[in-house]
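Below: one structure in structure tokens.
Per-chain numbering from 1; labels A, B, C, D and E assigned in written order.
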Amino acid sequence: MRYDQDRFEETTHAGIADLERAFEPGKVTWINIDGLGDIEVLQHLAARLDLHPLAIEDVLNTGQRPKIEQSPGYVFICLQAVHHDHERMIRGEQVSLFLGRGFVISVQEEADYDVFEPVCARLRSGRGQIRKSGADYLAYALLDSVIDHYYPVLEAIGAQVEDLEDALLEKPSRDTVLMLHGQRRHLTQMRRFVWPLRDVVNSLLHDSTGLVGSHAKLFLRDCYDHTVQLMDIVESNREVTAALMELYHSSVGLRTNEIMRVLTVITSIFIPLTFIAGVYGMNFAPVSIEGNKLPLNMPELYHPYGYIGLMALMGLIALVQLALFRKMKWL
Amino acid sequence: MRYDQDRFEETTHAGIADLERAFEPGKVTWINIDGLGDIEVLQHLAARLDLHPLAIEDVLNTGQRPKIEQSPGYVFICLQAVHHDHERMIRGEQVSLFLGRGFVISVQEEADYDVFEPVCARLRSGRGQIRKSGADYLAYALLDSVIDHYYPVLEAIGAQVEDLEDALLEKPSRDTVLMLHGQRRHLTQMRRFVWPLRDVVNSLLHDSTGLVGSHAKLFLRDCYDHTVQLMDIVESNREVTAALMELYHSSVGLRTNEIMRVLTVITSIFIPLTFIAGVYGMNFAPVSIEGNKLPLNMPELYHPYGYIGLMALMGLIALVQLALFRKMKWL
Amino acid sequence: MRYDQDRFEETTHAGIADLERAFEPGKVTWINIDGLGDIEVLQHLAARLDLHPLAIEDVLNTGQRPKIEQSPGYVFICLQAVHHDHERMIRGEQVSLFLGRGFVISVQEEADYDVFEPVCARLRSGRGQIRKSGADYLAYALLDSVIDHYYPVLEAIGAQVEDLEDALLEKPSRDTVLMLHGQRRHLTQMRRFVWPLRDVVNSLLHDSTGLVGSHAKLFLRDCYDHTVQLMDIVESNREVTAALMELYHSSVGLRTNEIMRVLTVITSIFIPLTFIAGVYGMNFAPVSIEGNKLPLNMPELYHPYGYIGLMALMGLIALVQLALFRKMKWL
Amino acid sequence: MRYDQDRFEETTHAGIADLERAFEPGKVTWINIDGLGDIEVLQHLAARLDLHPLAIEDVLNTGQRPKIEQSPGYVFICLQAVHHDHERMIRGEQVSLFLGRGFVISVQEEADYDVFEPVCARLRSGRGQIRKSGADYLAYALLDSVIDHYYPVLEAIGAQVEDLEDALLEKPSRDTVLMLHGQRRHLTQMRRFVWPLRDVVNSLLHDSTGLVGSHAKLFLRDCYDHTVQLMDIVESNREVTAALMELYHSSVGLRTNEIMRVLTVITSIFIPLTFIAGVYGMNFAPVSIEGNKLPLNMPELYHPYGYIGLMALMGLIALVQLALFRKMKWL
Amino acid sequence: MRYDQDRFEETTHAGIADLERAFEPGKVTWINIDGLGDIEVLQHLAARLDLHPLAIEDVLNTGQRPKIEQSPGYVFICLQAVHHDHERMIRGEQVSLFLGRGFVISVQEEADYDVFEPVCARLRSGRGQIRKSGADYLAYALLDSVIDHYYPVLEAIGAQVEDLEDALLEKPSRDTVLMLHGQRRHLTQMRRFVWPLRDVVNSLLHDSTGLVGSHAKLFLRDCYDHTVQLMDIVESNREVTAALMELYHSSVGLRTNEIMRVLTVITSIFIPLTFIAGVYGMNFAPVSIEGNKLPLNMPELYHPYGYIGLMALMGLIALVQLALFRKMKWL
């Protein structure tokens, strides 16, 4: 945990005793709880700052839908942050914020990744307006930091969808369709996180508790534009994946059609020819068992040009069929 | 039936005579009617508390859409509760609530399962705020108990959809698609129950009859968040099942395509070869019946390398075809 | 036609002369015109009660969208009623209502079926509140009677959809899909009738002409719930038919896939074997025409174990293929 | 062009000089410009009546979306009218109206068809209220005339869709699907014309310039109902075409399935039999070239009942297969 | 860059020093920055005119969603302009506008194409109202110029979609479907640009900063109509592409069906015939090895009319099958 004011102090791993000394009038205090392991601190804070038990419950039950709740003394914001882990997998975590008069309390679900790193860096360096502004600006900065983390994740999804588009146009396979399905599910999830985000920022913009000043609201409007843009990106990507799924369907349909065409052409040409060859492979005898001549039994077999003639006929049949198929645009 | 106050009394299977003594000023009375078998009690209560006949009709005609009706003296709420029975089948029942000044009347369609069990337990133990609060808090607790019962049912559906997803990716079969269809129908039904639920809670939140105090409203807001979350879960699951159905379609299409490819490759290779074999199975005679030589009739058959040569030719044809199919990426 | 008051009078097939005597202050008059054959009476009434010509036009041009029009002296309601005829076919008819101060005029398109029968019965028997209440309650009762007629029709559609679901899961056929398509069209039509119905009842609920009293409004609210429930039933059924259509598609796709698999397996096993048999059916001669031995021409044919060996080879090929297909899960 | 008042005057092919005399206080003037060839007159009128250049531009640039614009002195309405030409093709044209105090100017895109013919006829005959009412009623009559022209066009589309439905159920062919696609595109276009129409009429209904009197508004409400009904017809037809497209898909799928079944049954029965016949067409010799007996080489061929037995076996195989296919419900 | 007033001055490639002299009371100054290479000028202007840093950031980060932001001293508008490049590819660029009291600053992302060319031309020539009107009219002209650039791009997409429609009806191929997919993606992108455009123009229409006068608002309403029309075009085209995709699917399905029919007919006719020929190609011997007659072994082969009779039988079988297929409407 760390505290910040016009002059800047930072303490990590503070105990409950430190908390008592944390709040100082005229200064901004930020208490950041990394991971949900240390519930005692949170409960101590809740008692000290009169936070509603239902809000605390929401902090602890992860997987909440992003939402905002305005209570007399503070505003409670619940968000879902996403980031890529080391294997480029998408990881989500719940981030809760309490914005009060002169303090911000933030709780992150996971201890091993800090979405607020950029804000910490800015606070430490003293760059920008963050040190000069109040708790509302700090809350904006934290919110903005959560929103900014969506961009690389969505860009990665977008890039993978583009790759899949190329792969689909190249050769549709089971793997591409499964990967497309996977990206689709990611987008469904992102949508669940991003849509309520807009309402959260909008509520904060039209805040009536007086906790958010007009200076911070100017920046929150920018934040709001970002959430709208995120929604826009999610929706376009969803549309593209749906279109790709359809393209894949039509691609498979067309391939099946092509394969069928090849099968049909080859079968149609050779089956009649094979039948003719079969006919002349029949053993109808030119002489009966008693030795009588049977002149009607396959006289072609004993004709000097029988074989040559038949081969020519077969070639002709094949050519006519090829011409027919070409005319039907099957070749 | 049972009555509760600051000190707690509980009576089961009370008769109509008990009802008369049930209402006592300054105390909260909860009358719970299990099953619709005992209409007489309900009608007695309706007359005593001036409940509207149309509301009583709605209680008795099960299968109502969840709704809320605000009358001068009381609020009538009609809900659909769901739970799993012993065979893990989803069972629905209609639950009706009358919230009045100092009393709550609840009617459950089915006698053999009590959705209000957790509330009873809390009342008996005296834990939490429930004993200290008014009838509005009790109504909230009952409403919340109905909503809480949706979670395990929806989670079970979600889990089964996930299982079906794995099964589909593994091997699409008639059974998986039928089970998917079944879950889809469950979700359609859940949607019909959950969407109006939100309106019910919202109406209660903006209640103007003065029956719901600001303390209970704070909790109802939490309830409202839960209904929104339920809707969210239902909608995501519906989206996932729709995507799975599509995945299934494309999966079947792809399998058909693969099968066709195998069929076409095998047929395309062997049919021409069979034709050639058929040609050399023809019985064109080298000698006419009169004994004249017919040198044009299949001289290949009498060539020393005829057989060997033909076999080599056949092998070559097969190899060329395999190469072609490989080039067309059919293998 | 018939007139009703606190004491009850009923006249059928009244002429225009009777109409003059029909209206009596302090009493409620209901004039019901069965069928559009008798336009003269309607026009006489329109002149007498100052009904707008456009409303009369709407009454006569059947096939109107359900709507409501509030004029100073009366409210004009146009509805579509449905019922089953003797062959269980769905029949629709337009029902128009004029609700004025102390009178209700109803016009039914078809003379041979009376949707208002239950109301007539109640009036005749004097049961319920209908005799004690005003014209607004009578209008509510007529409206409710029209709405109640939707339930059996929609239930029949729902039951048939359920039957079709079973039939589809059993064996998808052309007939089931055509019946499904038919039910779908019925639902499309029902939707066109039911959606505006809600607006009609809602307009009546928020009536500002003073023609609808608060007592009748209480019942109209119940009516409104019924229209919402009708919409709900129509929409669920539409969703189910859409899901069934999809299920049907996937069912046909899967069946085609299975058929293809059988075809491919049988063809793949027998075509190579047939080819081999064809090879050994070739007539390559062991001796040339000149009598020279041709030891390279099919020596297998003259081997003592040639036939046995070949049969074994063929069996082996078939077994290997079966094993392969089993491994690919095609069997 | 023609002018109308309480007494009625009509002038055709009037020049600009006539225009000057056209406007007379207390009378209603209607100037109808057929075709966009005579821009000069329009520009003269625009200057005389102070019409905004952007409105004139909209008149001349055909293909506008239907819209309404209220300026201080007049209301500008832009519509798309449709009608059937002689070959029953759907033709659209842009119709623009200027409604001012005491005058209506109408401009039709095409000179060879007059959508306002019914209004002209009524004016000439002096029937109905049209001669007695003001410019607003004339504008309503023109608007209504445009809307009335949609009905036969949409009815023709509806009738063709019904015909296509029958054709599809009979035998799905390329032509029916192309015609269905064509009707679908017509409906898409109609939708673009009809949806904004409602907003136009609605705007006119809630007109605040005072140009539209309450008498005309009564009739405009009827007009509004007509636009809603048109939308309803367009949407139902769109739904029906979508359902038909799906029915067509499933129909084709089912036919393919049936064809496949026939192919598979025939192939499955005859391919094994052909193989067996092929086996006994092999030339394994009973005697080696050296003259030794080879008793293992096809002894069946020399058995007295060999042929009869084999034929019986083949028949048996075919029967077993037929029984199997019947059991699998493929026959 | 160039400056314009009632008398007109134009300066290109002005340095920062020139900027200082640019603003003169009572005149309108337009500073147009082509390309984002020259950030210094922009930052100088931002400092001089008190533009918000977040707005400047939005100017520099291209790919923004179109939006409008109203600050006390100025209005910031961010747009996406599109145009065709030399290879008829669609190119997008971000265009930012600052409209203040007496000045307009425009920033174009790309230096090599000037969407504002028509406005420059009008300014130079002094035609129209542009020189006589204020900065708000200039902003309108620039906005209108951006919107006008959408028309040719959307018309080109529409024309290509029409071409694809013809191609699809002619012969569905992989290329047409890929081109259709490409146009679809273009339309998705256009939609992202066009939808927020309407909100931008609408916000400007209801501007409350006083920077936009009523004269310019009259023209902005025309602009607003254009954005609605653009949306209309985009949506219709999207609908048409979706319908074409479906048409393509059904087209491929129908072709596959036809191919299957040909395959099945040919196979069904020749496979049984080939089997029969195979049977009479069997080598059942009329004489056993021991020299005994085997009269049951294929006596047909020794019948005088055996061959002729068999050929007649085969012809009959083929004819019966053809008749059957014709009856089933497969031919």
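Note that in this section a residue touches a chain if its C-beta (ideal position, glycine included) is under 8 Å from a C-beta of that chain, and two chains touch if they have at least 3 such contacts.
Bear in mind the structure is a predicted one, so any value in this text is a computation, not a measurement.
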item	value
If a chain touches chain C and chain D alike, it appears here	none
Chain centre separation (chain C, chain E; CA means) in Å	38
Separation of chain D from chain E, taking each centre as the mean of its C-alpha atoms, in whole Å	24
Shared interface positions of chain D, touching two or more other chains	249, 253, 256, 260, 263, 267, 271, 274, 278, 281-283, 298
Touch-based graph of the chains, sorted into line, ring, star, complete or other	ring
Chains in cyclic order, anchored at chain A, direction fixed by chain B	A, B, C, D, E
Chain D partner contacts - residues on chain C that touch it in the complex	52, 54, 64-65, 67, 69, 171-174, 177-178, 181, 184-185, 188-189, 192, 245, 248-249, 252-253, 255-256, 259-260, 262-263, 266-267, 270-271, 273-274, 277-278, 280-283, 286-287, 293, 298, 300-308, 310-311
In the complex, chain E residues that touch chain D	169, 218-219, 221-222, 225, 228-229, 232, 236, 239-240, 243, 246-247, 249-251, 253-254, 256-257, 260-261, 263-264, 267-268, 271-272, 274-275, 278-279, 281-285, 288-289, 292, 294, 296-298, 329-330
